[in-house]
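Two complexes come next, and they have one chain in common, chain A, joined by chain B in the first and chain C in the second.
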Partner chain A sequence: MTDVAGAGTLQLQPVGQSRRIGRRLRRRKSFVVGVTGLTLIIGAAVLAPWLAPHDPMQQDLMATLLPPAWVEGGSPDFPFGTDALGRDVLSRMMYGARNSLLIAFFAVLIAASLGLAAGVTAGFSRSSMDALLMRMGDMQLAFPFILLAIIVLGVVTDRTALHIILVLGIPGWILYARVVRSRVLSEREKDYVTAAHAIGAGRSRQLRKYVLPAVWQVVLVIALLDFGFVILVESTLSFLGFGLTPPEPSWGSILAEGKRSMIVSPWLAVLPGLAIMLTVLAVNLTADGAADVLDPKLRKGVFRRRRQQDTGRQTVTADETGAVAQDDAAGTARRDDGPLLQVVDLHAEFPFDERSVYAVRGVSFAVDRGKTLGIVGESGSGKSVTALSILQLLDAPGRVTHGRVVFDGRDLTRIPDAEMSRLRGRQLGMIFQNPSASLNPVMTIGSQMVETIAAHQAGAGNRTDVARAALADVGIGDPDRVLRRYPFQLSGGMNQRVMIALAMIARPDLLIADEPTTALDVTTQAQVLEQLVAVTHDHDTALILITHDIALVHEYADDVIVMYAGRIFEAGPVRDVVRQPRHPYTKALLDSVPRADLEPNERLRAIPGELPDPSKPQPGCPFAARCAYVMDICRVEDPPLIEVAEHREAACHLPALPDAPPRAPSEVSV
Partner chain B sequence: MALVVFGVVTIVFVLLRVAAGDPARLMNPPGQQEELVQLTRERIGTDRPIIEQYVDYVVGVFQGDLGTSFHGNQAVLTEVMAALPNTVALAVVTILVSSIIALALGIAAALRPNTALDRGVLVYVSIALATPSFWLAIILVLIFSVRLGWLPAIDMQGPQSFVLPVATLTVALTPVLIRTVRQSFLETLGDDHVRAARARGISERRVILVHGLKVAALPLITLVGIQAGLILAGSYVVESIFNWPGIGKLTLDAVAGRNFPMIQGGVLVAALVFVVVNFVVDLTYAVLDPRIRLGYR
Partner chain C sequence: MNEILLEARGLTKHYEASGGFLGRGGAPVKAVDGVDLIIREGETLGLVGESGCGKSTLARTILLLETPTAGSLRFAGEELTAERAGELRRRAQIVFQDPYTSLPPRMRIEDIVADPLIIHGTVEAGQRSARVRQLLDDVGLRSMDARKLPHELSGGQRQRVGIARALAVQPSLIVADEAVSSLDVSVQAQILNLLKDLQERHRLAYLFVSHDLGVVKYVSHRIAVMYLGRVVERAGSRALHERPLHPYTGALMSAAPSLHERRSERIRLRGEPPDPARPPSGCRFHPRCPIAQPRCAEDEPQLQEWLPDHEASCHYALGEGS
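The block that comes next holds the complex of A and B.
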């Protein structure tokens, strides 16, 4: 799933880059609002000498504490009213904006320059200098600099704007330095930078050509966020009386003066604060928008933002319902005669912002009670998505768009969430590829087993005894010790045994094992698999064994389906399929398995090429580009899955596979 | 960490002596005779070389003597220890209230991403992030004390005095916390172990409140530790507005009066509190996360 999401993240390309960024930015409403607000505020500040109705210092003792124009008693001459000395508040706020924004701008400039310099130095030197700079940063981050700022500015006798800029700016360096350093480190590892170094490009050239283009965007985003923060800090300092010396206005100092007459004239305190808030809000909105678009790393979470339950269900369109009702009559055959699980024309897709990934497109199969079905395919073939679709556990935004999953007579795609949740674990279990990540890292094995036992009222008597017995059942010798352990204290093989025990606690009718041993050591793989097969066999539980290893399936499964690009290429009894594959892909899979009877010089055949892009359905057979038997028709027409012999299905235009491919695989054009 | 405390104290000590002008002159009326000013200097000890003052100070600190106020004769340690509980009380209540709010809103938003609720929470986060604490404090006073007369505006007089200062600090603290809780919850809900818990039939309620929370709450604790600086800085502002007799107000008053020993005392305590908070956070984390408690990298 992660690689699908990764493929969707924005890749910045130099060509047309700025235009594309501009388009993306304009699409974000909050960004547009932020930039507009910021422009207005900066405009008002810059044009204050021309726009401001009054001199900000000019006192008028005849017109003190006038309310704003829209309040009764206000005068249109003073739109925002006047302060205790009769000065026009609007003009003071406009001039105050000049001071606040300029101070913040220069402070950020200093912080960014220092941080850039320090980050580049640290990144390029990677030695004691690097350690020293980062250590300094740690120490500085460990203490709230605003306290120091207050003290420094508080005791300095003649405060000027320069003091404030330096005090606010210098401590900010570390924000930039850290990010720049890590970007420089990762950038200089890249091949083209190393190559440039090898052909003698100097440091400054490397910096200009490769490093700066990679860091400017992130520096810009940080600078924007920092800008908002510095405005807040500066106004706080002015408010506490440690800002510019009066009568020079800044937002904080107007507010501080307003505080004295706040009971009589509350607007004096309200208006400047509002100005600060709106400015910082505008800056933050701009920064967020820029971060989203400029820095692909920050976008990662985007794909997970939709809710599981909302999207896990398929929608049934009007003309579809008729067909479904018809199918149901046939599909919901009596519980005991029909297969335990019947998947019919299953489609699942992951709709992302820009395009959809069609992970499963029309998969049908059945599993009988107590039988083992193997699903074989490369990563990305849709086998895991199929499994998760059966359990209704697709990660959002993935969803089943079409098809039925009839389990024990009921269509799982149409039953309510709560009911599905009761079925899971009790009648349908699943174990996953990475056992150590599939157990809660901060709960003991015991508590996870006990909660599962409690959820299903499984077993009889004391829950710990039930847990102990369940662990013993999967061949764990000292269950008591394991119960007290956390997952990270156990080996992967042990964790997978625990997962099997957990899944089997309620004696489900069906267990789906998704690459159960792929993450394990070779030596434990066989043991765990034996255990899995034995325990499901003992309890007459049907097993779906998902793997990329056709040899495993051969050993343990009754039937097999071979999946490719979200579809089934071949299905049938394992023995027959292995002995005589009917699809070139199955044959290729079999040829890539090491065998004892291989001649010493004979080489394993890897399958050339890659799976097609699942977001771009193309005409023809999805395997055409990699197939050793490819014919012209394959590139045009997608072969349907048809019955080729008794209990045998294959999706290939070739009626039967000849013994040798017409061309060696190495000649296949990809 | 000890190094940080030492460094901060030293920097403040030197800065005060170098940048702050002559406190003795400030303590005397303008135009006072030079001899009398010199007497003041001798009394408060600023006539001696800075190195000597510094060594004296550091030796004193190790003996539990933080010096004597320039104004009057109170021992700095006594004053600081009297103020500290008030600041700690404010901070503890703030952290509790903020954490509860952040967990509730963060989880609610993470469970229903891109709904009206989620957007509402994110709008609150944006606005709260942009709101200056001192301004919010004033607005709250204007509304709840001046206009409605419900709550005391200043001073510590029983539980209701906590409401406005805590509300101010909570608005400052919650946006960052909410964002983190929401993000870590979103991530945790996508974790393999959450899916596996669902797959074995654990109820959705339990998946969220036990499995999700146990993992997703960990970053919150770290963050509270990191934000201790923000709380401390915020309490300076809030204490000065609400006339709260804590470390912040003590330090700000001392800055205004160039009361060097008191400033140093305030900073030293702030730095120590900081170190203690970080230590407590590490401990809590270890208690809650067995991977750290049991030494797993």
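The block that comes next holds the complex of A and C.
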């Protein structure tokens, strides 16, 4: 889901946050089971004085080692049986739970408080305090924890709960401190903390009001996990005889006593063991559920898993074929005539929490060999999803629900996965925005290129020579130096050139570049794009250039498609579209770009309002709410994309755009 | 001409390089290396340059969010020192690039905007909520947005919240650090217009930092171009566009894609920007400069006035004969 959100295709209007968290927690069965179990155990412990059938210390030497009630010889008076001194096991376990849980609770409380304080201090002070605290932690972690506890508790003769709490609690701080410190370090660098500094907040205020609210949740999650761990350690200590002084019960000591009568009465050891295991299990299930929900990265919403329908990719009906002849899955017709790529009525959606996000809604276009097509759009326009749909690379659960992608005579939505991935390596190439994420960080450029060349058996002769030639092809002056480098040693522009060279090695028929220069500087952007357009043109490769920048498309593309809310609003030769837009959105987009001839006091004609929510398609034209030319029909009827002039298409109810919008810009601008 | 609001002289910010033997040894990174600039009341100074040129460091150093290594800063005629940073916080504010990290994720919008009012105690507690609504209204947000959390707003709306927070102390200077760079084109225009409206209404001065020369031209009265920690050209916005004197400015303008023409010939720069820890000898731009001469490798040009009110640091600002 991060991919999708990162691509800017989703803008969900969140429902009330707490309600949503509650709903998501309830949907996780394991969390519900964990919380229920934990509630029952804690309830039994708290209510022990009222619920327990007997006094846990009361001995009855007439009834020792009775088996549980459900075993032959058991008595309903002692549901879990009795121990070697004739004490009621159920009552002892309930009182033992009080001790075990109380000790664990306070130990965790101490560890968490110390750890939070230490972690925040270490993370927020740039001083030697940080180094001191962390080295202390390292030293402590180097010393076996259980051994330390045994040594300390072994010295104390009259052990009380307090001793055990301190011994278990204090050394636990480092667990919390490390995580808190790293969270504080990463939050401290964020702009909002700098902003707090800029508005004059002192250090303690920055910490209290800004940093702490963002880090404390993590303590809660660790504490839950730690709670289970401490119960185990406490039981271990009691078992080894370093727990509470007898006859005070705790699960570990009941277990230890039970061990002695293991042969005669195995239940005595099994029951407390089971209690410990179930408690720790319940705690861990609860902690896992809480961690998922409290993790801010997951807060935007979770995808609803949807069973892959067998017919998912074959929903194209016969009347959709349109201009494309009826070719079967392995169709071989139309190799040389007609466009290289034809997309027909493509629909793609992402099933989300409660609703679906309709990312692409009925997109049709064609690209010829050797041509450059620009796809322009803002966040959520569906431009990236269109590209991924062509390559059949939509991350699950996103999927193409309708339409066809005919490439070189074959419908890519119908061919088998294995064949599709072979096509992607050879005939179809893709370049992404962030080249360093697409290159292998631990391999030199040279070995990555040689590997690709070997996979394609591209070119004759020495593979290094081929690599050198490929780099020279994209304007790299000293290919030998670049071949020896690792991606991190090269600039973003150089890495992007390497990506282009890699993509071109297979001599693809179609190359899709999604925001290839957005992360680069202007001067580098110009160099890289010039090389990209030149190299694809030289090899008669079709190029789809996806970008938010209409000026970029104007300079480097032949044709343009303007997308908005998953639809094509306008299509045509890019110069004609820029000179005389036929859709109000295109015109507004062009007016939004600061022009050189604006007077100092003039305002840009901004498009009012916000981009529409792709999860709630409204009736009518998706641009109606922001359009300066809006008419009544626009709010009811969605205009189809129709031919408005030769090679020009637009989806608007207005047959032609008047020069000036009916409303003055001042009314429109916000 | 308006009064001088902020004046920086020889402002320098070096970062000690980490790594090397015992964490020492590396040359310091000269992020900002002796910059002079003047921002006048109610005026916008645009600061342009590519990534790594030091423009963001300069912006933060001017607000004393980073401690300058050397140089002096005067604000409204008075010398600024680290001890007097508190006063500066009431007069100068900052708006950031990324609307997703610049707001605290767990605070409500009204609390974010109210915090500067609480810190400086400028508004009585009873009046605070009314003042917050007024600030939100000022930046074009609805009062129903006040109770929301940042993630419930769109990028453009969040950026408006960032502006409202900056306006809360009634500053006379706002540093906008790439404030519209991560917004969609249609929303970017709204925010640019808003910044201009607010400037007129509140007589604000802006230091507008951006890599986008087109946007900077639209909002700025004057523009300074930075390269590798130094200002290489400084002029009125129009003059700079009509006749860029420094070859780097020319290259920047020529590289920007245009809606008016398709350039057949661009000024091409060689290579990539050098490492700011080891700037080239002589003119820092000479290894990439299309018109470099042998002299440029040895003799570092100073910023000098070649045309009235138009400075550049290039030996050949007016052509090869000069």
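Simple rule for what comes next: the second predicted complex is superposed on the first by the 419 of 670 C-alpha atoms of A that agree within 3 Å, B and C clash if a C-alpha of one lies under 4 Å from a C-alpha of the other, contacts with A are read in each partner's own complex, and residues count from 1 in each chain.
In the analysis below, a contact is a pair of C-beta atoms (placed from the backbone, for glycine too) under 8 Å apart; a residue touches a chain by one contact, two chains touch by 3 or more.
None of the values given here were measured: they were computed from a predicted structure.
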item: Which of chain B and chain C A:Trp70 touches, first, second, both or neither; value: neither
item: First (chain B), second (chain C), both or neither touched by A:Ser491; value: second
item: Which of chain B and chain C A:Leu232 touches, first, second, both or neither; value: first
item: On chain A, the residue positions that both chain B and chain C contact, one per complex; value: none
item: Chain A residues touching chain C - in the complex, by the definition given at the top; value: 11, 13-14, 17, 190-192, 194-201, 205, 209-210, 213-214, 296, 299-300, 378-379, 491, 493-494, 521-527, 530, 548-552, 554-556, 575, 578, 588-596, 598, 600, 603-608, 610-611, 626, 669-670
item: Sites on chain A touched by chain B in the complex; value: 139, 142-144, 146-148, 150-152, 154-157, 228, 232, 235-236, 239-242, 252, 255, 259, 262-263, 266, 269-270, 272-273, 276-281, 284-285, 288, 301, 304-308, 391, 393, 395, 417, 421-426, 429-432, 434, 437-444, 448, 451-452, 455-456, 486, 488-489, 499, 502-503, 505-506
item: Chain A-facing residues of chain B, complex; value: 1, 3-4, 7-8, 11-12, 15-16, 19-21, 111-115, 126-127, 129-136, 138-139, 141-142, 146, 183, 186-187, 189-193, 195-204, 206, 210-211, 214-215, 218, 228-230, 232-233, 236-237, 240, 251-252, 255-256, 258, 263, 267, 270-271, 274, 278, 288-291, 294, 296
item: Chain C residues touching chain A - in the complex, by the definition given at the top; value: 50-51, 60, 63, 65, 86, 89-90, 93-94, 96-98, 101-107, 115-116, 119-120, 140, 149, 151-152, 154-157, 162, 165-166, 168-169, 184-190, 192-194, 196, 211-215, 217-218, 221, 237, 241, 251-252, 254-260, 262-263, 266, 268-269, 272-273
